[in-house]
């Protein structure tokens, strides 16, 4: 582990987001006490718990694959922690918890007799019933299919609101993190890249990794040429563009100018670009119908492809593939990043289109 | 199996979509010859192959979990089918195929030494190298994480375009089906509910199941009261609404009037509703930030909740929770369904919000 | 509890867990093996009556091998034959139980194991009844002219190999079953889908993937079979006697400990050499 | 499709089952013979042929002089050997699976070695040691010898079960306030128990059945196999077959009971597929 | 190295618990004691002894072969440990060996008046037991040939046994070297009481050829009996009484004392060291030396009775048996029955080892 400082506000729904293998599970395990950090501390409030054995920590975990005890029924699974601590009224607490997760009547089933979603709720109940100060959830929805997953997300959120315990939710699914969390930390290769509310991260990402991992971004490689009042001036591929200072992470040298695909609009000629907007011309090379929106790829004069989402709100007309278009955006939706930040997100797969290093289209919720 | 007629156009990318357990895998297995239909036929072109043993069928499969041979290296995995048929120049064909799936140089690795995405491509190469008349893909991307999954989708599409073989792609991910396929069949409980292009299905679903499974829909329960020229008149909860006849699956009796969430717009008063539009008043009960859009829940006067997606294209202003709003839509985006069609999609999980039977919000791409 | 104390305890734990069993094996397996080696070098002129002196008589080895190489050859021959037969018979059975038996799997598996509770001796004696010169089987074979009118099964290599095969068949079936049971059936479907005929599916996928079980099974069959002497004693003649019979007699009848020990050591070494060579070639992961 | 074609296809699909049935028959034939002889009244005490049906042998199995004593002794030895070897073997298996420690490879080798050693060698080497040490043979040397060769089989059996067990379950227990001991007691042990029981059954069968090692180390102690060996020389009393049949039946029942009680969950191939949201039965 | 195994009365002291324990453990060969015709589990003479003395006798037929039994009890006796038996029955030469090792307890002649009175003179004062206090003869017998007439024709000579092709694989010989070699020596015209190494080697060679040709199925102890009765064995070397007993059930099973000569032996009762019921053992031995009891046993086992006066008693039980030369040998048979010569230790070892190698173990 690199240095990793992570402050989680009490009572919040906190999401830890990052690609596979970036160290999310490892982080959680240190908090739970299942792994010992070689250096550094784990604090709970003001109390240091770094070397406390796991069973002495007021922290519980919902494991990646639930890790339900197969030899115990639902009731006994949930009662497990209570019994270990010898608290009174086990039965009452267990039943209340089972009803919270809407599993009344399932108490005598074995885990193998439950569906994935039900197992997930048992795992949740088993951890929650102990009223831990912090509940750790390690990709609890990773194994569910999309439909069920969305339903369980809502349920998790409801339960967290109801019990008010701090949830630390690990996922590699950006969409899930954004839907659920009050705050999100994006982790990459063992480091926290950015921490904030979903809107903060989405609207003003701190690094190219965040910009592409959380949603998609069109990133244009450029260079800061100067300053014009509250705007930073950037030259990219011969185009002169600008970004407000408040939306700039870097104000000199090589930079990446980012715009989200849904912030781009397409018109057929420069004349139609409204005042105060900036634009780039190109040719539509692909249009994909996505239901709520249509995704266009626009090849610019210098050969890179921009992604544009046109909402299918019934007003935009379809743009045929091959047409010459102008993509424009308002500078207040652009953001400026230090070009030094690695946009690849530590992925090892050979990239597919591989047109060049820039622009990079991350993939994300549309 | 119920009667199941499925005609797949040669050379197309065909997606078979449906919830878990609806019979997608079973259908594919019958085509592949791994299972025998108790009755009915499987035709390939005009040739009947129903009782042909699998090794005699010009059909190959990419299995749900790849099913790569762990004891053979990548080369031998891909060469497997060729060797079985004793074709000449195995090495040349395998290498060409490996380079098509961009795995040159990986031929001596064992499957266990590959990442999920690489394994998936080996599975693809292994099936494709046999130049089957039909390639069956059973949720080949089900096990990949979202990022990798999106990348592999693009690649599948590219390869299909390149080789021109008929792909039958099974998935329960609506988004995937829509992005990839030329035509989509939505399956439910062993029956095909609708078959068409993604746009046809999304824009004019045939049943409530399709309307809610493929994307979301607001469905208002109503009753046809008459006809006005090319419009069908509907009364729902006291509101008088209309839908064009061409967008009506049913023109009498109990019906469901559907509108997609992104086709709804919010304004603060009736006065702002443009002419020719229809509207419903309500109160915003929830607003969820999703990056590309914001999802509002609007509780109507009669107590049901409508979902509204407001694109975050930089123009719409946020609507605070609690405000009184009017949601409006143009009738040409509405559709009318027979109320007899079961909207639940055969799901067995207890539904979470469970405000009532109608409207039903399916979950889908936004 | 301090971290260091519990840490030390945890570091010590594996040793505490392993010690009793390991100690037992050291004292009652390793030490005796060493003593066996020592005994094999005792003065062959000694006797149990007069006592044995340690004279490092390596000559015991050539003497023993010279006198009994035929029995060694026969042991490995019979054991090899029995192992091959057990594989031939055991594989289909294991295959059927693992992949084709459905809900009968448990019952069949138990049927393979349960005869081990009916003492090996009792079952071998049952073979004696079955193969008896005056029994129905021999009568039938004679009537069918599959056996000469005065032909017999008992007291022949056929009887001995039959019994060896029989006796160690479960040790062949179980590991193969275990490895077939682990086999991912989807691989078989994938192979069929890739135009492999049933026989090809077996040869290219099923068999290679069950190889660890085959390797374990052949070892667990061959090793005890090569040392067996009950079958030869009860169902064979002196012309079928194996090295086990010789060792047994050397220790219990002739009371020639040095020679018996030398024979035992040779048997052990040959088997180890064969097993190691086999594992190298077979590339198995682990026995059992 | 012609009938003949279908027939051959049926044969192609089913010949393995036919072969398996034959092999199973081969495996059970001697047991059937033993069962048959257990209800036989032999024409004379030297005869081993089927003469007349009777249940006398079952009514009074101890009528064969000395046999019941031998069976009892074998059962005692079996129990002791099973108990000791199961405990030692289980501990060893835990050490080998759950811990990395110096000497682990050697311990592994030590465990496998007795399985790779023919029984005559095991028997004679122990005999050589006992004679050299002047230790008289008898009941206890048999127990010791049996424990020695059972331990390996116990280790292998328990280890298989243990390494198939998800170690996250133990972590989950620790996370849920169980101390290491409680995690072992409440989670690990119950989950490994079927493996331990299977190992114990195996150990018992190996001990009860053993002739070769026992023959070298029993002195004048007569176990059931030793008894059978001796009885064979003077004509087997039919009651021996009663014991053989009863043991088979008992084992059958016991093992079926064990397998049903701990319906060993079919080991699924590593599951990465989406979990089906269906109420899963079998 | 290991130490020797010899014991002396001083080094290995046995305690007699007869006073407190009314038990006796008696190990014998199979078919060596009378059995009730009606109920095979009952042994009339033994039961009479038990009811007369109140001593509970555990009778076990677990001696099948001298060498095999010696191998089994050797470690214990060498270590001066009890072998769990109060009386064992071993053949003359093996009894001599056990006595030589100091493993047998001395008996009290005063408590065995019948023995003193009725032991046949030819069995008294033998080299290994000059005073008749260590090894008391149980039975004597002949080793000869036997065949099952149901599966083969008559057999008269040893050579037939070793070479007749129709018997191939259905012949057993005795694992008792003295009996098998003795019979072959006689068949070759030599004298087993006095032969040379060369003669021994020739006999052994003949045996070896028979084995190699597959003629011989097995070398047996007493265990030829079940298979002979069954017919899996057509012909064999066997002990007289056993076969006569089988003849009683199936008259086509016959014993043959070959014209070339049979082997005569005696099987003796010994009380091994550490056996703890010596007094009871003495009582039992004395009991079986009552002529009436001896006759009763002889009438069943059909071996040569070592008890004087038994023949007279036999007249009363079964006059036919009283004149059966195989039980009460006549001069003719006596002339044809030879004892095996007493061997020096080296000769014994050399012969045994050569013989064992041929019989395959």
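In order of appearance the chains are A, B, C, D and E, and numbering begins at 1 in each one.
We adopt the following convention: a residue touches a chain if its C-beta (ideal position, glycine included) is under 8 Å from a C-beta of that chain, and two chains touch if they have at least 3 such contacts.
The UniProt protein names, listed by chain, are A, B = Spermidine/putrescine import ATP-binding protein PotA; C, D = ABC transporter permease.
Source: prediction; values computed, not measured.
Student: Which is the least count of steps on a path of touching chains running from chain B to chain E?
Tutor: Each step joins two touching chains, and the minimum needed here is 2.
Student: Farthest chain from chain B, going by the mean of C-alpha atoms per chain?
Tutor: Centroid comparison gives E as the farthest chain from chain B.
Student: Going by the contact definition above, tell me which chain pair has the most C-beta pairs touching.
Tutor: The chain pair with the largest number of C-beta contacts is C-D.
Student: Averaging the CA atoms per chain, pick out the one whose centre lands closest to the mean of every protein CA shown.
Tutor: D
Student: In whole angstrom, how far does the Cα centroid of chain C sit from the Cα centroid of chain E?
Tutor: Computed value for the inter-centroid distance: 38 Å.
Student: Mind checking the centre-to-centre distance between chain A and chain E? Centres are C-alpha means, answer in whole Å.
Tutor: The answer is 94 Å.
Student: If you average the CA atoms of chain A and of chain D, how far apart do the two points sit, in angstrom?
Tutor: 54
Student: List the centre-to-centre spacing of chain B and chain C in whole Å, with centres computed as mean CA coordinates.
Tutor: So the centre of chain B lies 58 Å away from the centre of chain C.
Student: Check each residue of chain C and list the ones that touch at least two other chains.
Tutor: 48, 134, 184, 186, 248, 251-252, 257
Student: What positions in chain D touch 2 or more of the other chains?
Tutor: 48-49, 131-132, 232, 236, 269, 274, 276-279
Student: Of all residues in chain E, which are in touch with two or more distinct other chains?
Tutor: 2-3, 72, 230, in rising order.
Student: Residues of chain D touching chain C in their complex?
Tutor: Interface residues on chain D, with respect to chain C: 12, 16-17, 19-20, 23-24, 26-31, 33-34, 37, 48-49, 87-89, 91-92, 94-96, 98-101, 103-104, 107, 110-122, 124-129, 131-132, 144-145, 147-148, 151-153, 155-157, 160, 205-206, 208-209, 211-212, 215-216, 224-225, 228-229, 232, 236, 240-241, 243-245, 247-248, 250-252, 255-256, 259-260, 267, 269.
Student: Given the complex with chain E, which residues does chain C contribute to the contact?
Tutor: Result: residues 42-43, 46-54, 67, 132-134, 150, 152, 154-156, 237-239, 241, 245-246, 248-257 of chain C touch chain E.
Student: Over in the complex, which chain D residues touch chain E? Could you list them?
Tutor: Per the stated touch rule, the residues are 44-49, 63, 65-66, 130-132, 134-138, 219-220, 222, 230, 232-236.
Student: Help me check something: in the complex, which residues belonging to chain B touch chain C?
Tutor: 32-34, 53-56, 59-61, 63-65, 67-71, 80-81, 84-85, 126-127, 130
Student: Given the complex with chain A, which residues does chain B contribute to the contact?
Tutor: Going by the criterion above, the answer is residues 19-20, 102, 115, 117-118, 145-148, 150-151, 154-155, 158, 172-175, 178-179, 198-199, 202, 214-215, 260-263, 265, 288-293, 309, 311-314, 329-330, 332-333, 347-353, 363-366.
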